[in-house]
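Below are two complexes that have chain A in common, paired first with chain B and then with chain C.
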Partner chain A sequence: MIRPALVIAGKDLRLVLAGGVGLAQPVLLGLLLVFVFSLARPAGELVPPQAAAGVFWLASLFAMVLIYNTLYSLEEAHGARTGLLLAPLAPQAVWLGKGLAGAGLLVVSQVVFLPAAMIFLGQDFHGGVGLALLTLLAGDLGVCVLGSLLGALAQGQAARESLLTVVLFPLLVPLLLAGVRLGGLYFEGALEWEAAASWLGLAAAFDAVFAAAALILFPFVYTGED
Partner chain B sequence: MNADNTGAGWVGPLAAAAGLALAGAQWFIFGYAPVEATMGVVQKIFYPHLGLAWWGMFSFFTVFAAGALYLWKREARFDRLAGAAAEVGVLFSALALVCGSLWARPIWNVWWTWDPRLTTALIMCFIYAAYLVLRASGLGRERRALVCAVVGVAAFLDVPLVFISARMWRSIHPAVFKRQGGGLEPEMLLALFVTLFAFGLLWLCLVALRARQLAAAERASALAAGRMGL
Partner chain C sequence: MVLTLDRVAKFYGDKPVLREVSLALAPGQVLLVAGENGAGKSTLLKVMAGLSRPSAGTVRQGVDQSRVAYLGHQTFLYPRLTALENLRFWARLYGRDGGEAALLAALERVGLARAAHEEAGSFSRGMAQRLSLARVFLVDPALLFLDEPGTGLDVRSRGVLRAEIAAARERGAALVWVSHALGEDLPAADLVLLLDKGRAGYFGPAAGFAAEGGGA
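== the complex of A and B ==
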């Protein structure tokens, strides 16, 4: 399952990045979000660290919706989805492959969003990089697990981005709370193991529960029907 | 399809029983249970509130169970049951939030507070409202049933995570409001159980009726398609 998944991820990344347009839309949307939120800051006042972390994660979530939408629409033309379904590989390999490709694209977008959040929302760079990376990993893992599972749900639908947003965002609330709290601690410079452990545990539990669910449920979502 | 037709027999009497039970519950609430000493007559909201909240949560469990059964058996009646339960669940939870809010205004002095239970109920409302949006989004029948079953299962897996995260979120803040302790008077407890039972009957009745309605709508559109030779 791993090898086919890597092949699918590589194919998707090449297709999305070939024109360079693929990633422009999610990155631009996220940047716009950060910028628009920065307008809400009264002149001369600081944005609370937790609010800045919230804006960062919201930008990431909107980018994620666009990314998975793009990834799953790659197969919509010329009946390519049927070809992928007929290929001798476990359907879960498609989930894993798309998940990996999306994770790569999401990380690239976040590389843009994080400095943007710091610059526009006036946050400082602090130590504790290891825990910050762990937070990003735990958050992105859950976001991609669920995004890859449900990204296929609106295939062949008009207005699927909005549908995906409405379905995904409330499901992601626990992960979003963990990300906002941990990110807030990081921007405050107070991200330490004792404070972070329970939230990281929650995020890991979220990742594990939905990864297990996705392995079982994905074959039902990704089908040849329209 | 036969199961839907034979269901016609028991829904009528059930509806009558639910009506009687609700009327009886009103008497238990206002005539039998004593007026609470500190909260006064406002506390009466609590009985229907708990009935709505419990059966709302039970609906969401039904969506999960029916979704899992649909994925396993692929029978359309489970899909209809999930759809009906989700609609009633969103209605009940929203009403529970509204009447809880009406109760909280005089008692807690705020309309809303980030209590784990309130937060969980609100987020569940959002999730299942999104589920209903998905149902209405014009996917093909088979495809919609599959996708909705998957979302219904995933949504219920989220419930404990949402509750835990909401509790952790709040635990950092000081506990502004202590929950009212459980020690209910026996008369209040009896009134509570009667109300819960009455709302249970109402819930069953609404879900059964709605599932039958959905089955009838499917038959009607199948007939119309047949007439037009599609």
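== the complex of A and C ==
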């Protein structure tokens, strides 16, 4: 499953990055979100660290939706989805390949969102890079695990399948909560193991549960069979 | 047998689309699937190819999945990749990446070597279908599904298509060929399955079908 997933991820990154169009949309949407929130703060006042972390993760989630819609729509134009389903690979390889490509694009987007959130929302770096990276990793893993599944759902032809994306989106709330709390601690300069452990545990549990669920559900979602 | 169907049925909700379809296909045989619009041809092809599960009955493919290929109206191409990149992607998915020389040789066979580094999005319908043909034959298929592959092709592309199909047959590939141009395609067939409202109205030798005036 790993080799075909890497082949699919490589092809997707090539297609999205070659034109640059696929990444411009999510990055601009996220930046707009950060900028609008910066306008909402009263003059002379600071945005609370937790709110700034919330804006960062919201920008990441909206970017995720656009990124995975783009990645899955690549397969629809000339019926390549049928080709992938006929190829000698597990359907989950498509989920993993799209997930990996989406993770790469999400990280690139966040490289823009993070400094933007700090500049426009008046936050500071507070060291602890290792723990901050671990927070990003746990958060991004969950976002991509579910994002790759949602992207496949969003390509469904029936309205009920499109509706499922709306139903599934709130499932990200626990992960968002963990990300906001951990991000808030980082911006406060209080991100330490004792304080972060339980939230990191929640994010890791979310990642594991939804990765398992996606592995089971994806073949049904992507083949369109009941 | 390369492909065996035993009393296959397919329902969409309560509506039967295929009923009691049974057949067997040996290596090197060409099965022509015909019928009016809505007779169930495309559904049957999906069920045979494993893209859709039958509601009843069984489908058995006697070849490895890596040697099953499909050529239809849709080309499975990525318009913003070059012809070579498209071919490389599918070759890698099928574990057949023999390097650039093998890919260029495949493009040469379908007359696209000079367009190897051009984006597939700039290709005409005929060129895109020939690139799709190169994708299919790179796999060296033992079981090939053809869903009206000649639709909208120019004379040159139809010639390339027929030559490659004949070559695949000589190599022992079994073909399932959905066709609307029955009179034109019948001489290339060994067996004919005529679908009538999801049932096999005729299944047997193409010669017998032609003798009954089926190809007229």
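We take it that the second predicted complex is superposed on the first by the 210 of 226 C-alpha atoms of A that agree within 3 Å, B and C clash if a C-alpha of one lies under 4 Å from a C-alpha of the other, contacts with A are read in each partner's own complex, and residues count from 1 in each chain.
Operating definition for what follows: contacts are C-beta pairs under 8 Å (C-beta built on N, C-alpha and C of every residue); 3 or more make two chains touch, one makes a residue touch a chain.
All values derive from a computational prediction rather than experimental measurement.
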Fit-or-clash call for chain B and chain C when the two complexes are aligned on chain A: fit
Chain A-centred angle between chain C and chain B, computed on Cα centres after superposition, in steps of 10 °: 90
Touching partner for A:Y222 - first (chain B), second (chain C), both, neither: neither
Which of chain B and chain C A:K11 touches, first, second, both or neither: second
First, second, both or neither for A:F62, with chain B first and chain C second: neither
Touch count on chain A, higher of chain B and chain C: B
Contacts of A:F120 with chain B and chain C, given as first, second, both or neither: neither
Which superposed partner A:V209 touches (first chain B, second chain C, both, neither): first
Which of chain B and chain C A:A77 touches, first, second, both or neither: second
First, second, both or neither for A:F37, with chain B first and chain C second: neither
Chain C versus chain B - closest C-alpha approach in the superposed model, Å: 7
Residues of chain A that lie at the interface with chain B and also at the interface with chain C: 223, 225
Partner chain B, residues of chain A touching it in the complex: 146, 149-150, 153-154, 157, 159, 163, 166-167, 170-171, 173-174, 177-178, 181, 198-199, 202, 205-206, 209-210, 213, 217, 220-221, 223, 225-226
Interfacial residue positions of chain B with respect to chain A in the complex: 71, 123, 126-127, 130-131, 133-134, 137-140, 142-143, 146-147, 149-151, 153-155, 157-158, 161-162, 164-166, 168-169, 172
Touching residues (chain side chain C, partner chain A) in the complex: 49-53, 64-66, 68-70, 72-81, 85, 89-90, 92-95, 128
Complex contact set, residues of chain A against chain C: 4, 7-8, 11, 14-15, 18-19, 74, 77-80, 82-89, 223, 225
